[in-house]
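I'd like to ask you about the structure that follows.
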Amino acid sequence: MSPVLDIAGLVKTFGGLTATDHVSLTVDTGEIHALIGPNGAGKSTLINQICGEIIPNAGQIHLAGRDVTRLPPAGRVALGLGRTFQITSLLDDMTVRENLGLAIQAREGGNFRIFDRAAKRNEVWDEADSVLAGSALSARAGVKVADLAHGEKKQLELLMALSQRPRVLLLDEPMAGLGHVESQQMIEALNAARGECAMLLVEHDMEAVFALADRISVLVYGRIIAAGTAEEIRANPAVREAYLGEEDA
Amino acid sequence: MQRLLTTASLLVALAVPAYAEGTRIGVITTLSGPAGYLGEQIRDGLTLGLEASGAAFELVVEDDGRDPNTGVQVADRMLNEEGIKLLTGIVFSNVSGAVVPEALDAGAIYVSPNAAPSPLAGEKCHPNYFVVSWQNDSLHEASGAAAKKLGYTTAVALAPNYQAGKDAIEGFKREFGGEVTEIYTGVEQSDFAGEMAQIRDKAPQVVFQFHPGGQGIAFLKQYQQAGLLGTVPMVLSEPSYDAVILKAVGPAAVGVTGTTHWNADFDNEASKAMVAAWAAAHPDVPLTTYGQQAYDTGLLIGSALVKAGGDGDVAALQAAIKAAEFASTRGSFAFGPNQHPVQDWYMTAIEADEAGNPKVVTKEKIREAVGDVYAANCKM
Amino acid sequence: MKRDNLVLLAVLILLALVPFAAEFTGQSSWTKLVGQALIYGMAAASLNFILGYGGMVSFGHAAFFGIGGYVVGILYHHFDAGTAFLGIIPGTDQMLVTLPAAVLVAGLAAALVGALSLRTGGVQFIMITLAFAQMFFFLFISLKTYGGEDGIMVRRTNALPGLNMKDKATLYWVVLAFAAAYYLFLRRLVRSSFGQIIAGIRQNERRMAAMGISTLRYKLYAFILSGMGAGLAGALMVNFLRFASPDMMHWTRSGELMVMVILGGVGTLAGPFIGAGALFTLETTLARYTEHWMLPVGILLLVVVLTSKGGLMALIAKLKGGAK
Amino acid sequence: MILLFEQLLNGLQYGVTLFLLAAGLTLIFGIMGVINLAHGALYMVGAFAASWVAIQTGSFWGGLVAGLVASGLIGLVVETAVIRRLYARDHLDQVLATFALILIFNQTTVLIFGRQPLFTTLPEIFSGSVEIIPGLPYPTYRLFVIAVGLAVALGLYFLINKTRIGMLVRAGATNRQMVRALGVNIQGLYTAVFALGALLAGLAGVMASPIVSVQVGMGDEIILATFVVVVIGGVGSVKGAFVAGIVLGLFDTMLRAFLPATLQQVMPGPEAQALGVGISSMGIYLMMALVLLVRPRGLFAARG
């Protein structure tokens, strides 16, 4: 089975600084692949290259078999790439329901229609309501996003990303800033979504990584220094030295 | 501070009509912005001219902000609400292009103290539309004639890159006949150093330039600063050396030749009376040709009001204006077939007075009884 | 929703009665005043669509207003002279032709400007739109055939079959009909699928891109729609005033449109119309009393912007809230 | 050749004037995030104050001092009364408020000085010309303007790169939050920067007053070119303002001087002239459009 996301030899430099240095990794269908690494390892730069916000200097990105290296962000989304943001990025003036509805509308198309009523697109709103009903946000549908708690925003972002029905979902630190209970909720939600799409999980929270990941890659100073299952990574001396050792300290 | 007080009192004077019984005359003019002094001259010239005519009148003055929309709005109110039958005052062609048709369609009369766009002089002329000032082309033809008369054969002509500027250079060339290098300047340009360098490079026998208002001030100053004033003679049409410009540039204008339809030293009764009246009413403000044109407009309107007994009968008033029976400050004055003036043009020299400041001295008449080139297209 | 429509209907009826009220009270210039304010309101509302709903602060919107106006002026000029534009397109004085033409040409111009400007954002976008407007301004100033800076006269208002357009009240009602239609169109537009996407882009462009929206295309489309609206307003203005001049696209005019939007209330449907009416009435009224009207206008604007957020619409909402 | 050299000097002189205006504007922009349309009004204030005092006292130098004092003081007042309240507002509110300020400044100037342009003259020692190279007499006053502009540039360079205030200014242009975090009296810094910007605009006005017409609205014409300089140079960058100011000054002057004649060689006479001037008028805007297409944040954008 070919990987749904295939990154090969990605290089990105800023001035003299090499942020990603010949990074290669794959995400298989249905897999959760975690990417860990200390701050400044180049994780965000990598995510942004996969999304298309940054164009790499060298290397290729294949999404579901298509070369998307030079495709703009929206084009990659159309091919099945979804993402969440490290710092939650939502439409603050709108309610939870409206955010989710807009995400569904964006997927459904017909977005250049200027004479219809967005509020009367039943297929959109029925789906939004059913998704919300089955989520932790069921009681918060009418709340403005600006008034949500941090954990709720993270939840909403995940719902919106999933509503795109992506083949592969990039999760940029979904646990960041969450308390213990919220983290557990998030892990549950991600586990539940496991069947829907493959995921590339960038995360600092080791508990979550070990709980979720099928495979783990370790990024340090722009290079992948190790890759393997949770056990292999735990046992890898190079990782312990370069990364886990620091984390323990 | 003193200025503040005069302005304040002026406001009060405007608010309280002085001749409540007289015919109401609408004055739409430009009082705000850099060109505000032109409107000021026109308003004050009209007032003095009408007073001198002995007619009973009341001026309703309003600022158009050099904006056609505002002008039309004001005109509409004056014509339809306040029942004014006689409008005047507009400084700029773009405002008159919008306002004049409005007035004519309402059956009113418009008498222009300044702006005279060419379409209204030619095919679109109208019995109720009069111009007391001059048509653009004839203005600059006079400068061409003057340059020719002074014996020059090569010239550099400069004007801003808009319609009036192009007309100016065309007019100059028509009468000059010699070899002319044309230089167009930017519409809002205020530094002409580049043009000065080009003039020095071309080394013509004479320079003609048309830059009214602030641009003219900047041009003359920089001409002197570039050391060209004493080297290359300059010929100007009247808007480029009005009294306000001369006051602002000072000695930098001395030695320049001008052409005009009127000058403060004209030896006729009307002109002398006007100069005296102006000096009494506005001692701080020099009288420009704008003021003079407006004064003549005032005299003309006044004479017609007296003759027709007010504006009750617009046709009679129109006929009285058309007859133009008034003693103009420019000596001879008559309307051509398109109701634009047929008049004489003079060459003047700008000399230094005792204090070294510029003083305009009339030299000779260079063109006699000329109308404008558009009159032929007017079928009334 | 129902109540909104009732209020709208009431306002429309009141506006439709303006010519009668003006005649009756002897203040007949009201018709023209309100008419001009309505047209400016349309132009401001078109700007508000990209500025308030789309978050694109265009400082060159008067260019499209002017271009729309010039289309009417130029077509009339050729109609009057019996010639053809560029030797191909004959002139006309039929409003049913001139208005769509104006909308189309303004839309094309907006497509050009938008395609080049929308790559930038923030201050750079403000300045680059201003720059393009200046270029159009200088272009029209140097067009000798069409009057240059003196502008171009349209001796007769465009004809509309079955109507006597010489009649001031008729012309006013035509303008009112267009303004009302445009208002309803905008109301529809901001509530449409497209309008929602645009609102999303204003709040968070990155998020919309992550949803698969190619934001640039949507912004460009919005920019073009907005330019077309301004073109329509400009075309109506030239019909209303029977005159087009480069003043229509001067940068201060763009500033004035922005002032109307902000004064009325950014991102509200009625705000631009209220702002246009307020500013226009204020200027004309003050100009009657003093030549120095700019001073009180300036002070008033300053006070409004310093003491209130959200313009007159916010004030109205506050008053309504207080009355409850 | 001589003509080219002379035009280069003219361009340089226009360039430093633009720099004087743009330096303050770009700092106000970069540090406080305020779009100040009324910056040109301070240019007008400088010119009017200088000319009026020069007329009363007969001394250009007295006028210079008066112009600087007046623009600096009025800058302080404007900052305290208006601009201060705009820091937290969005660009729209700033545009509206400073647009209102322009109206207020212009009309107040009319009330105080009247509508007629003021008379100004050159200072005695700079009233002549010097022959820089044989066959080219160049007005000494314009050389003086160039010298003043370059001196200010040098002074600003030292102020910004070698002093503590300069360090704060640089930090503020890159990251506003950081300066706040440093515990600096940020309000004091803002006020000082605004006053400095006003002073520089006033200086530009004083310098220009003997050359151009000192009249109401004179600031409105030059403010657009100044904004173009700021945007091309990159918001917040004084270095950018300097480079862009000089480049734009030269570019504009060169276009005006040589484009029409060049076009005339390929097209019939008058139309080529008109077209050339038309394009020259648009020149700086075209340049800005091009620069922004390649570098959407300008040449030396301070903020990343």
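Before moving on, here are some points about what is shown:
Order as written gives the chain letters A, B, C and D; numbering starts at 1 within each chain.
In this section, a contact is a pair of C-beta atoms (placed from the backbone, for glycine too) under 8 Å apart; a residue touches a chain by one contact, two chains touch by 3 or more.
Just so it is clear, the model here is predicted, and its values are computed rather than measured.
The chains in contact with chain A and with chain C alike: there are none.
The distance from the centre of chain B to the centre of chain C, each centre being the mean of the chain's C-alpha atoms, comes to 35 Å. Centroids of chain C and chain D (each the mean of its C-alpha atoms) stand 32 Å apart. The distance from the centre of chain A to the centre of chain D, with each centre set as the mean of the Cα atoms, comes to 48 Å.
Centroids built from CA atoms put chain B at 73 Å from chain A. Contact with two or more other chains is made by no residue of chain A. Of all residues in chain D, those that touch two or more other chains are 106-107, 110-111, 274, 277-278, 281. Residues of chain B in contact with two or more other chains: 7, 31-32, 161, 166, 187.
Chain pairs that touch one another, listed by label: A-C, B-C, B-D, C-D. Taken together, the chain B residues at the contact with chain C in this complex read 7, 11, 14-15, 31-32, 61-63, 65-70, 72-74, 76-77, 80-81, 93-94, 97-98, 101-102, 117, 119, 124, 161-164, 166, 187. Residues 188-189, 191-197, 199-200, 203-204, 206-215, 218, 221, 225 of chain C are the ones touching chain A in the complex. Chain A makes touch with chain C in their complex at residues 51, 53, 72-75, 77-78, 82-83, 85, 89-94, 102-103, 105-107, 110-119, 121, 160-161, 164. Listed in rising order, the residues of chain C touching chain B in the complex are 26-29, 32-33, 36, 138, 141-142, 144, 147-153, 155, 237, 241-243, 245-247, 283-284, 287-294.
Of all the residues in chain B, the ones that touch chain D in their complex are 3-4, 7, 31-34, 36-37, 40, 161, 166, 182-191, 193-195, 197-198, 200-201, 213-218, 221-222, 225-227, 244-245, 247-251, 285.
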